[in-house]
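This is the structure I have questions about; it appears just below.
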Amino acid sequence: MRIGVPRELEPGERRVALVPDAVSRLGTGGFEVFVEPGAGAAASFPDKAYAEAGADISNSPWEADGVVKVRKPSAEEVGRLRDGQLLVGFLEPLTDHQGIERLAERGVHAFAMESIPRITRAQPMDALSSQATVSGYKAVLLAAERLPRFFPMLMTAAGTVAPAKVLVLGAGVAGLQAIATAHRLGAVVAGFDVRPVVKEQVESLGATFLDLGILGEETAGGYARELTEEEQRRQQDALEGRIPEYDVVITTALVPGRAAPRLIPAGAVAGMRPGSVIVDLAAEAGGNCELTQPGEIVERESVTLVGLTNVPSTMPYHASQLYARNVSALLQHLAPEGELALDWEDEITAGACVTREQAAA
Amino acid sequence: MRIGVPRELEPGERRVALVPDAVSRLGTGGFEVFVEPGAGAAASFPDKAYAEAGADISNSPWEADGVVKVRKPSAEEVGRLRDGQLLVGFLEPLTDHQGIERLAERGVHAFAMESIPRITRAQPMDALSSQATVSGYKAVLLAAERLPRFFPMLMTAAGTVAPAKVLVLGAGVAGLQAIATAHRLGAVVAGFDVRPVVKEQVESLGATFLDLGILGEETAGGYARELTEEEQRRQQDALEGRIPEYDVVITTALVPGRAAPRLIPAGAVAGMRPGSVIVDLAAEAGGNCELTQPGEIVERESVTLVGLTNVPSTMPYHASQLYARNVSALLQHLAPEGELALDWEDEITAGACVTREQAAA
Amino acid sequence: MSRDVTNLLYLITIVTFILALRFLSHPTTARRGNWIGAVGMLVAIVVTFAQHAVVSYWEIAVGMIVGGSFGAVAARRVRMTAMPQMVALFNGVGGGAAALISLAEFHNLAPDPGSLKTDISASIMLSAIIGSISFAGSMIAFAKLQELIRGRPIVYPLQQPTNALVFAAVLAAGIAIAAGSEQQWLIWVLVAGAAVFGVLFVLPIGGADMPVVISLLNAFTGLAAAATGFELENNVLIVSGMLVGASGTFLTLMMGRAMNRSVANVLFGAFGQLAPAAAGGAVAGATDGQVRSATAEDVAVMLAYAHKVVFVPGYGMAVAQAQHDVHALAALLESRGVEVSYAIHPVAGRMPGHMNVLLAEANVPYPQLKELDEANAEFSRTDVALVIGANDVVNPDARNNTASPIYGMPILNVDNAQQVVVLKRSMNPGFAGIDNPLFLNPKTVMLFGDAKESVDKLTSSVKAA
Amino acid sequence: MSRDVTNLLYLITIVTFILALRFLSHPTTARRGNWIGAVGMLVAIVVTFAQHAVVSYWEIAVGMIVGGSFGAVAARRVRMTAMPQMVALFNGVGGGAAALISLAEFHNLAPDPGSLKTDISASIMLSAIIGSISFAGSMIAFAKLQELIRGRPIVYPLQQPTNALVFAAVLAAGIAIAAGSEQQWLIWVLVAGAAVFGVLFVLPIGGADMPVVISLLNAFTGLAAAATGFELENNVLIVSGMLVGASGTFLTLMMGRAMNRSVANVLFGAFGQLAPAAAGGAVAGATDGQVRSATAEDVAVMLAYAHKVVFVPGYGMAVAQAQHDVHALAALLESRGVEVSYAIHPVAGRMPGHMNVLLAEANVPYPQLKELDEANAEFSRTDVALVIGANDVVNPDARNNTASPIYGMPILNVDNAQQVVVLKRSMNPGFAGIDNPLFLNPKTVMLFGDAKESVDKLTSSVKAA
Amino acid sequence: MSHGLLLTFEITILVLAIFLGFEVISKVPTLLHTPLMSGTNAIHGIVIVGAMLVAGLGHKDTLTTIVGLVAVVLASANVVGGFVVTDRMLEMFKKRERREPDS
Amino acid sequence: MSHGLLLTFEITILVLAIFLGFEVISKVPTLLHTPLMSGTNAIHGIVIVGAMLVAGLGHKDTLTTIVGLVAVVLASANVVGGFVVTDRMLEMFKKRERREPDS
């Protein structure tokens, strides 16, 4: 089976769907890979490396039997797809209904990375986790760079530097990684989440759990249930009282398919010390903070608000490496011997598929 | 004694010479402090905080008996100084001969923070150390943010992320702090210095010492001696062979009063993997890397070169806090009961003074 | 040689036996201890030969050769797995010898009125009873372990009254002897009755509990030997017999404790009044399908004498924040020449890289961390896989059981190692909420408790080993 | 009560003494052990009174009241610092009693020809010699410690030949007695000569070494008591005397080891052949200006029974990478109810925040870290300040000695704590290259060795304490 | 001197031996339980001394001699078998320790 | 039964006591050296039993009785003083442990 890797066109996107290492691994699994020249350049993978890994960089990736991407294809790209062709990528099936419609019309077998069920067997394909890992780590670096203070405590001849206090709201994959990274840097870290199991997980990283007295439930997939309006209000109030204690707040709270929950009202931001930093990893879904400007870094009330929407792309090398592994695992699942063999009974195949040949799934 | 704190005029300088905490401490020691409005704003110290600490924000700081600054005064500022007035700050006595000349002409008692002898007793006044601590920490954050990779190792369902390899050249105060910070973040860290005692110090931080077979000597003050030309060449050659192994190189090598030693030739940069980062903390003294552009962040040979010249200023809150402690300690030394009592027999007073009343020192 | 000189020379034997016991209690010196004991035994035999009262040299020598060769051949020939029944056998013959000595002494002294002082006759009766019980009981234990008779508890109606009756008869004969009766038949009744009691006593005890029973009978034989010492006014018999009696008793208690059962439960459990404890099982006698729990000392010895140990951390290590302690244990093992590595499963813990973060904090060197494939290649040459609070990531159902919700997940094949030790607090499942057949694997022992505390205990025990 | 019943009842005393010794070896049970011993002693006295052979009840009772009250009053009145000489005194009178018993026995038995068997006469002579040496030696030790005579070694010409001569005379008399001579004067010569030898033996030993000497003489008295047991064919005397003899000998060796000196060196060092080891000094007898080194067990007991311990880390902790071990020790102490904190000097280590980085890595909670001023306010209510590889930052010269290059630097005033323990590898100076008078402070003991290893040893020892 | 005195001394010995027995084996690792049991089993083979004395004292009647000789046979089996079995168990132990590195 | 036999039993007791003595005090912490020395010092006060026997057996001559009584006095001082001193030493020890928290 031939797989094409086009260059990502989305502005600011530096990742690539397959890295040379994955190309050579797929090669031994019966796949042939067409890579568009320059596809990996922004992620520090030169064309030479692809060629050495056995990729074909002369053919157009769109000619292949399947196309793997990071971001959903643009309208123009969709036009190059054909009936029965395979498409893999973050296709935003829950929010971009129009895009999915277009794909259905072209009759492609489209698999959305974010729709892969979060079951044990599917973990190697779980791109949400791998990219969230990057975001969580990077969020701390973004905050640390912008904070006019030290993260760690230092007792020096010129006096003692108090450690920064960091609060992480939403302790899923990204949140836990943020907690771990901030803790490593020496900050005093607290985590908060509405799922009850998270308390132990936060503590297992050496941090403390912020008890607000608000706990929701976990749904079957391990995701959080959306809070009721009343619960949301109580949460906002409780947080407004506690947030001014912190120098850095990193928010990651998401509920799949919904707008990100509003956790930090403008009042809470105003209460923070000048120079404090908020990194809102939920910016793409509207942000957990009322003042977040998705895609931008702004200052409000002397507080820096980091609302970058594509954090993993700022660390393209490893983000691509992990994503490529996820994609390869999915490809090997869909085409075990290098030949497409879609088993619609299979939980992963059925779950990840958003459009099918000749008919929408 | 009245002490004035003007706003720093140097572009990009966000620090302030005294913070509110230091103001109130000096207040109990017999000092009165005049703070220029807005002096601490960039460092997140609002005027209100100064007022609460007992500072006078209505009088001009230049009226005071002494003026404390971070950076050396501009020509215009020098014009406002008067005979017998006290001046404290980073006055660059070893490099800015003209500036010192001007100060001498005005007849001020000028004390340069960088000239305070590095003796045990003077440690609380040692602003070189306190600011180098900030630089060392920040250098790692600058590198980590720009590196397209993770610092720590991660073994995940989507494959293993190898830890970043970090090399720190020059393991003085800044270098050691950089080593410690990179190690905290999970990188594999090596340190190198020409002073033989440093090996143990590097290892005491859990890092390894890069043995290049080149060792210089330590001078009486604990500084490094300048290498001979032959030694320099050997060092460059040895480093050129080793540097491509590393993802991040942080350089801090300095010899007081000289141009920074050239450690990294252009060839070594070209040998590095694409996406690698070099942070040159010696940029202000010309840089340890041949390709460094002082004051700028540039990309050369797919390597990011961070040549910022005023790194402490990027973390103004704590940098100012530490600096203010250093300055207060010096003030209390020069004016024990709040009354100037200069003892020219004293090692610190004599060592730090660069110009005296009516005559150059 | 006069009797007094003999007794003084016996002191050498006494000293060697004391040293032998000390040395036997320590893994590094145990073998040497056994040799020291053997040398002491030789001294005692030579000294006894040299005593001028002993005359029938030849007969004795022949007897010794016969018995000795049997012992040597049996002990050498037997398979390693049959060692426990050998111990039972040799213990039995020792008890039998003590009983016979008493029989002979009584036969010898009784006809000579007044020569039997109360303490002597009491000693004779004690050593006859205890020796005989030990003989017969050990033989039954041997037969059970050798599967000559079925290993399961043998119970029948009126068992307890029968036992009580037999014991009462034995006791009556014993009291009569101690009280001064010098009827020959009494001693025969005594010995025979005690033998019957020994049989009845051991029959209802299950095969898995035999090690504890043998240890108890071992202490009995020691006591019987001490009693013969009183009969013969012989210091080496009193001291050695009592040393074995005392240390054997203590050892029996410790073995019971290691099985999480009281000795009373072991001995009388089959009578139904005391149900066997549900959780524990004997380390020595466990069979497939049973959870075996071990003590920290036990595991420490495994680790200390292993060549290669692989640590398998999981979420439990994180919860217990045991990473520093784990590194300390690994470093200790390394300093003893054990090859140490860590097998990191890609989804161990609750976030990607969870184990990395913790182990880096504890300064574990990166090269010791092995990825899944690399680690799996190493398990076959691993002596001990130490699973620290991991569960799902070592669940063999993922490999074998198509019905399992985690079927298909690649796991760490710790069951390829020689031995597996699992540190967790209970039999509770992990994240996936499913049972783990690894815990029932005969290779596996569980060390229950908080991971941090367990690892700390292991560290101190390894230091002591 | 017959003698045999008495002897059996003495077994109670024997058992209590064994238990007393076991309990005395453990800090938590030591006091109980002493009480158990006292109860056992009471049993022995009552039992002896009840023996029908004993008739002079009143005289004995009066004697006991006289001796007992003296003992009680002396023991209660004495200052805590004078305890060692009290032990010497009571040991001496015990030895004296043993010698007198032998004297009386000889006087009693000798006139009755043939009643003195060789073993009895040998025992008499041994207990007389040993008891007498112990009596006289202890009195000299008492006098030295009480400063009735000067504490320094007393040497004079021909000392060794004199000692040898006296000893030969005593030995000759002893051999004569053992060989069966029943001359009364022989025993007087023996006792007197042994007393002279005891005096000569202890005189040349310095005051600081007295604890070891007293321990040795204590073992001697035990042996003398055991020998009287042989004279009187009395089991409790033999067992108790020998228990003390054996454990006392072992204890003497351990005390020597704790001082880094061989016992031979202690006893004969003054004769000049063996120069005292340069580095070590006795823990118990050290005076100002001397470096005292302690063992890990010793320090562990200090820590385990302290109320508040302050850790003072320095560059040495960093070099040894002991931070994880330090935290483990601190956590262990906390779990035992000890209040623990860390005093962080602003320039400890080699870079600003050096200690912070390391302690954070080991997960030491931030609130336990105390800044200079805060820590200094706490030292006066600190039991033990544990200095781990710090040197310059605890150098009191910075406070007191204007000539010192570090004069004026604020330091951690660890010398305000009750006790100071310094962990480092040698007497080498730190960064500033200057000597540290703290190490000579009488409050300070040094625990030499790599900080990591020392801390690990402390942890295991605290667990055992 | 009475026979009773001797008895009291014998009992004293007994008591001391009990304490020594307990003292000496406190804190054995579980793994050594079986070898230690086997080792003490060999030690109580000391009954061979009793058997030799009973069998060897010439002036006894035949029954005594025969029973004594049987006791000798049994005790010898105990002694030799006990030490050999223990040694084999401990050998297994040692081997593991000595195994040379295989990497 | 010979006197020699009793002697051998006495020596056996001696040997066992030696081992017990060593066994029981192995591994005492240095801080307990002095109290332990003092405690054993009290225990050898058991010579008081010997002194009582010598002084108390009525049929002896005056010298024996007097010497015996002096021995009783000395031994009593040893016993009482020994236990009291030890207790005081250990009391000091205990107090420290019991000190109530002062913060």
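Which chain is which? They are A, B, C, D, E and F, in the order written, and residues in each are numbered from 1.
Heads up, the rule we're going with is that a contact is a pair of C-beta atoms (placed from the backbone, for glycine too) under 8 Å apart; a residue touches a chain by one contact, two chains touch by 3 or more.
As the structure is a computational prediction, the values presented were derived from the model and not from experiment.
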Completion exercise
Touching both chain D and chain E we find C, F
Fill in the blank from the handout: Maximum distance between Cα centroids and chain B occurs for chain E
Exercise for the section: Could you quickly compare C-E and C-F and let me know which has more C-beta contacts? Expected result: C-E
Fill in the blank from the handout: Maximum distance between Cα centroids and chain D occurs for chain A
Problem - Approximate Å spacing (C-alpha centroids) for the pair chain D, chain F - result: 16
Completion exercise
dist(centroid_CA(chain B), centroid_CA(chain D)) in Å evaluates to 57
Practice task
For chain A and chain B, let me know how many angstrom lie between their CA-based centres, rounded off.
Solution key: 38
Exercise for the section: Indicate the whole-number Å distance between the mean C-alpha point of chain A and the mean C-alpha point of chain E. Expected result: 72
Problem - Touching two or more other chains - residue numbers and ranges from chain E - result: 1, 3, 5-7, 9-10, 12-13, 16-17, 19-20, 24
Exercise for the section: Scan chain C for residues touching two or more other chains and write them down. Expected result: 18, 233, 235, 239, 321, 346-347, 352-353, 357, 360-361, 363
Fill in the blank from the handout: Residue numbers in chain B touching two or more further chains are 123-124, 129-130, 133, 152, 154, 156-159, 161, 184, 186, 206
Exercise for the section: Could you list each pair of chains that touch one another? Expected result: A-B, A-C, A-D, B-C, B-D, C-D, C-E, C-F, D-E, D-F, E-F
Completion exercise
The chain D residues in contact with chain B across the complex are 315, 318-319, 321, 346-347, 349-354, 357-358, 360-361, 392, 405-409, 432
Practice task
Mind listing the chain F positions that touch chain E in their complex?
Solution key: 1, 3, 5-6, 9-10, 12-13, 16-17, 19-20, 23-24
Handout entry: Interface residues, chain C side, partner chain D - complex
Key = 321, 324-325, 327-328, 361-363, 460, 463
Completion exercise
Listed in rising order, the residues of chain D that touch chain F in the complex are 10, 13, 17-18, 20-22, 24-27, 30-31, 33-35, 37-38, 41, 44-45, 48-49, 51, 53-57, 59-60, 63-72, 74-76, 78, 80, 83-84, 86-87, 89-91, 93-94, 96-98, 100-101, 103-105, 107-108, 117, 119, 211, 214-215, 218, 221-222, 224-226, 228-248, 250-251, 254-255, 258, 283-284, 294-295, 297-298, 300-302, 305-307, 339, 381, 383, 461, 464-465
Handout entry: Complex contacts: residues of chain D adjacent to chain A
Key = 344-347, 352-353, 355-357, 360, 363, 366, 369, 371
